[in-house]
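The following pair of complexes shares a single chain, subunit A, combined with subunit B in the former and subunit C in the latter.
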Partner chain A sequence: MSAFLDGLLTALQPGNLAALLAGSLLGVFAGAMPGLSSTVGLALVLPVTFALDPTPALLMMVSIYMAAEYGGSITAIAIGVPGSSPALATTFDGHAMTRRGEAGRALGISLFSSMSGGLLGTVLLVLALGPLSRAAIAFGPAEYFGLGVFGLSIVANLVGRDPFKGIVSALLGLLFFVVGLDVLTGAPRLTFGTTALMDGLGLVPMLIGFFAIAEALEAVSGRRGSASPRGGIAGALPKARELFGLWRTILRGSAIGGLIGAIPGAGATIASIVAWNEERRVSKAPERFGTGVPAGIAAPEAANNSCVGAAMIPLLALGIPGSASAAVLLGGLTVQGVAPGPLLMTERSELVYALYAGFVVAVLLMLAVGRLGIPLWTRVVRLRPSILMPLVVAISLVGTFSLRGNAADAWAALFFGLVGVAMLRGGYPLAPAVLGLILGPMIETNYRRALSLSSGSHSIFLESPISLVLLLLAAVSFAAPAIRRRVMSGRARAPEVGSDAHDNEPRQEERE
Partner chain B sequence: MGSSGGVERERSRGSAGGTAHLRLLAEAGLLAVVAVGVLLDSRSYPGSLAEGAPGPAFFPRLLALLLMGCAAWLAVRVAQPSPDFDAIRSRGNAASGSGAGRGARLGLGAAWIAAFLLAWPRVGTIVSTPLLVAGLMWLTGERSPLALISIPIAFAAFIYLVFMVALGVPLPAGF
Partner chain C sequence: MSHGERPVALAAECLRRIALGIATAGLAVSVGVTGCSPSGEEAAFPSRSIEIVSWATPGGPTDLLARALAEAAPPQFGGQRVTVTTRQGGAGAAGMQYLRGREGDPHVLGVFTASGTVNMATGRIPFSPEDFTPILRIQIDPFLVAVRDDSPFHTLGDLFEAAHARPGEVSVSGFGAASAHFLGFARLRAAAGDPDVRWIAYEGSADAVVAALGGHTDAAHTNYNIVREHLRAGTMRVLGVALPIESLPDAPSYAEQGYNLTPLHWRGVVGPPGLDPELRAELRARLLAAIEDPGFREYMERAALEYATMADAEAFGAWMAEEVATSRDMLRRLGILDG
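Now for the complex of A and B:
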């Protein structure tokens, strides 16, 4: 408890508090703007965090992540377009309430549910991170290889409709990792004699290129909608009694979000849709869902904010990012010299406790920024893409240059932006490529280290129970989507509302 | 009339299908070229330093072989259209839309960014960033002279104050 209070005091220091507040503002903005998302918001702010100490940098990033999950609901409720994909389920009932002239009430419910979900997700993070980190201390090369392969099997869940293209994307990501000097022998690989490639292709230029520049180039080419959203906010805010009356719904949504968010690859979009569907299932009047039911807003919003804390569990304990946003957060941690993994709790405990407290403060700031800023956000979301996207490109390039004062990084960001556009147009999701670049070193280096320990015998991977379990889990994870599709196609039944809705947003789903 | 409409639809469907075939074949070809490039490059890598452990060439070669397999699979899918393939193809066609104009704008956007990256170290941040922003705004469809002038200038001031003054980042000063 005293460690948490120390963390709270750290989070409340003026510089850290300013970082949290800036993160809340940026997060709500990124979440509310159609075309942006928590991932793009995090990628954009990544260069700014280079100049900060690790604690404010990390606090700013988690604050963005948290606030963006709420921000998406503003546009979902106001104009019926989810600002980011996790707010998709919120449009069903949220916009219906706006059409009835109850937008203020809907936004109030969304804000309160997001806050509650965020706090419950943080509790889950505090409870789970320590035990998982302690279990992971026993890991050697064979176990880390198993973990890396399991992490890569997440690809099977990130691929969207076409698993084949997701696998190609992951292979390309692994190939991007190969560029540079081999860690174990120092041999240059795929550098083509260029010294600029000796350091390898950086994660940060890739993240900024894929998630910020590719998005902006799509807008420049006219493939993203250029019409600015119209709509307004009116109506009274909800009464406290109504909000607290939703506690069962919020608890259920948070539990679903916490469970799904902690599974790498599942993500906030799936969690919010499952929570909405589950709430409808247990409701006494399921037919009213989609017509403007408060529980239809509370469940998905609690779920997607609960996901944020839960998604930090595999990231911080194992170094496995379960979503594109978590991958960008990992990039921020790496740049700050913070190595996520089992030793983080022991070596950087002060940072971890500041992070716990920072989550709580971030949630409260999100409440304040969300409540006070409702009139402002409704104006901001009308910013034209023809103004927003060029600014995104310019900030991305300037920020990438700031990383090492090296123009090659800005060129790399442009390269990855173009690769990102080409991949999106070909239907290849971007998240598996990012995962490939991140997990490549873990898989290759530990595979070779393990085999050098066993003099070339592959039995080392089967003799370790942890490695064996992880490899079996990876096999199940790789096969699960294909099995699920086969089972589903075998059943001649009407599609569910949630899955229909999810199918409407394939590109957003790929990003998140 | 109905017959003529049907023929038109068939022709259009055939042409779209042909374009999709070409696009997927190009993807397969590109994957194969990348894989061959990796295999050729890996010939120069040294052997392993530890007995029994694979050397630096093992992982890239494995990836290259997997990419080859993917290229072959893609080619097979193009040759044997299935309901799945048709769905992917139609999605691809829908996404292509009026491809030429969009492709040109994308090319212009990328070229403008590349020109900025070339000019940036020489002319400096304060001069080059407003030009970058103004050019991209124009390409994205912004036609208001007030916006095209005021926003890039305000952005340059923002970059100067935040990155160069507040964060102390040594961005190119130029000249």
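Now for the complex of A and C:
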């Protein structure tokens, strides 16, 4: 404990505190700008860290990483465009709440959950560094395959009213991921002989195309979203009682974020979608998810911030970056002559404790920066969509370009914009396609890797307990909505006395 | 460390660099769109800021080289700014395309690596070394094969013997398919009589090490700096390293074990095509001075990399051409490339 206090004193020195604050501001900005992400924010300051001492350099970087995860939810809630991919699940309920006129409430819930998730993720990092780092390397090809399939089974809960259209959307996402160089053979697939398609169709261009460009085109053409929300936009923050009432949701979301975040390569986007889905599963009124329920915001936001601390587990304990952002952090550490790995804790414990304390301070600064920003964002929401959305599109395209300095990404975003419009008009949900693009590579490469290791025998997926459990969960998760529907329709015909009343609750507006 | 003006100076530095980054990105767009090249190139060099194009992942070893160079170079370029612009895409083709379009301009440089020559050999990238002006190879990063501490293998011979005895059951994880890492290992395997060792390709070198650490594969083919901490902690062991590494005196080299080859990763600086030979010599001299900068030396040491600058720019060019040729031969031999 005294080591942690020493770390806290270090983090609170004026120079270090300034670095943390600069990181928070830049992080919220990078997170909120569609196209930019925590990774871009970190890459932007990487040259700055050359000129700094190790401690302020690292504190600034962790502060960016943390704040960007909340920042992503701002745009997700305010305009329905995920500011960065981990905020995708936040759009489901967050933007729905804004459309109802409660932007301030949604942002408040997101900020509180992000803060709680960030703190819980840090606690996990401090207390479970050793065990969780061992769990992380237990994930081999078979286990990643199981995780990918489990993630994809969530599609069943995202399909909306028409399961057929949802599955078509997911398959479309899986088709898009195939484009690019095959990781296992290096052969180009569906690149049509161009180098522009060699790296595949990225997640960011898809998110920008679907949620910014397609929505903007629909808004401008007057088909959707052009009407102001009923009764205007209220900047009112949620009541403390409501926030603390979400503690179960936040704990579950943080736990999911902590576990998935510690597995290298799984990442905050998958964690937040799984958290949203899990919250829906345990809810007594799952059909209300997606219409603007508080738990639908709290769960993914707690999860993606809890991932930040968790992603540091494989990085600090094994020297293995668990996410793209952690990879940039590793670059920053290398420049500073800090080599993460099994010996870091014994050799540089003062730095590690300063890092832990830095996380705590970063979370609190994120809370302050985020709170001050809420009135601004609720004002942005009041802009007419025909003015706001073209602005969003312009900013998004610049963001998409700057991600890799590649104009092909901006073209890909425009392409996805047109695909998105076609899908929206045909009544096809967009989220399953995104899930397909995220999970397709994880499922395919690890399936083939596992079979390569087992000389073609599929038993490798059943011999690994982790993989087996994940595949069983996937089957349950995939079948659950259909079973629930059947049970419910059966009950509707012959209501049993004494059956759980909640399952039959009629759909009601979430309004207090 | 905590002087009063430090936070202010820090904030100012951040803002300056971020503004600079946005400005260079904007400039890159405008130049890319109009295709114009600034006139008056005959003026004394350098007449404006130097741009280093990086097509590697931010924070990765190649990107770090570009940034360390940008930190160290300004005094050698008359105090001109040296900026890094990231142009990713097409396995490096996007950045190379840009560099190639700046014919004769000594103000634009690119960081080139072994991955570039391999991608040229496979035909993934529609360029050849002649499309650029080689200037200076800076560093080498020898390949090595490492196992988890409890592995039954203690030498490369153990690994290959097991593969001869149980074909297809021994696996080695490494970065990429038909990549520099893959070819480095393929050459070693060929020298061992082509046992059926299974190459399990990963998206990154670190992911490949995780697979070996987790016991999912039998060994990892990687670079020293990626496993250094695991070697120091004793959680991993080296079976063989392509070239002896100073800080790793006990690790047996490939040659010591009877495999006479030294596959390695390398990184250097190339310019756009058509650089004036005098300008090229001048650039080489300035860059050679820049990499002697104490800050750059420190970076090399921290990243566990070795200087390997070669005699002159021509030798570097010949090396690149040879790398493409030997990679192509190996790819044909493995049936990955036709003809």
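Everything that follows uses one rule, which is that the second predicted complex is superposed on the first by the 269 of 512 C-alpha atoms of A that agree within 3 Å, B and C clash if a C-alpha of one lies under 4 Å from a C-alpha of the other, contacts with A are read in each partner's own complex, and residues count from 1 in each chain.
Operating definition for what follows: a residue touches a chain if its C-beta (ideal position, glycine included) is under 8 Å from a C-beta of that chain, and two chains touch if they have at least 3 such contacts.
Because the structure is a prediction, the values reported are computed rather than measured.
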item	value
Subunit B versus subunit C as contact partner of A:L217, first or second or both or neither	first
Touching partner for A:G405 - first (subunit B), second (subunit C), both, neither	both
Which superposed partner A:Q13 touches (first subunit B, second subunit C, both, neither)	second
Partner chain(s) touched by A:P465 [first = subunit B, second = subunit C, both, neither]	neither
First, second, both or neither for A:V328, with subunit B first and subunit C second	second
Contacts of A:L184 with subunit B and subunit C, given as first, second, both or neither	both
Which superposed partner A:A51 touches (first subunit B, second subunit C, both, neither)	both
Which of subunit B and subunit C A:S452 touches, first, second, both or neither	both
Partner chain(s) touched by A:T39 [first = subunit B, second = subunit C, both, neither]	second
Footprint overlap on subunit A, comparing subunit B with subunit C	48, 51, 182, 184-185, 401-402, 405, 407, 449, 452, 455
Interfacial residue positions of subunit B with respect to subunit A in the complex	23, 27, 31, 34, 38, 41-42, 45-46, 48-56, 58-60, 63, 66-67, 70, 73-74, 88, 91-92, 95-97, 101-103, 105-106, 108-110, 113-114, 116-117, 120-121, 125, 129, 132-137, 139-142, 147, 151, 155, 159, 162-163, 167-171
Subunit C residues within the subunit A interface of the complex	1-4, 6-8, 10-11, 13-14, 17-18, 21, 25, 28-29, 32, 57-60, 63-64, 67-68, 70-71, 84-91, 93-95, 97, 122, 124-126, 168-169, 171, 176-179, 198, 200-204, 206-207, 209-211, 213-217, 225-226, 228-230, 232-233, 235, 295, 298-299, 302-303, 336
Partner subunit B, residues of subunit A touching it in the complex	48, 51, 162, 164, 167-168, 171-172, 174-175, 178, 182, 184-185, 187, 189-190, 192, 213, 216-223, 226, 384-387, 389-391, 393-395, 397-398, 401-402, 405, 407, 410-411, 414, 417-418, 421, 425-427, 444, 447-449, 451-452, 454-457
Touching residues on subunit A, where the partner in the complex is subunit C	13-19, 22, 26, 39, 42-48, 50-53, 56, 136-141, 181-186, 188, 195-196, 198-199, 264-265, 314, 318-321, 327-332, 334-337, 339-344, 401-402, 404-409, 445, 449, 452-453, 455
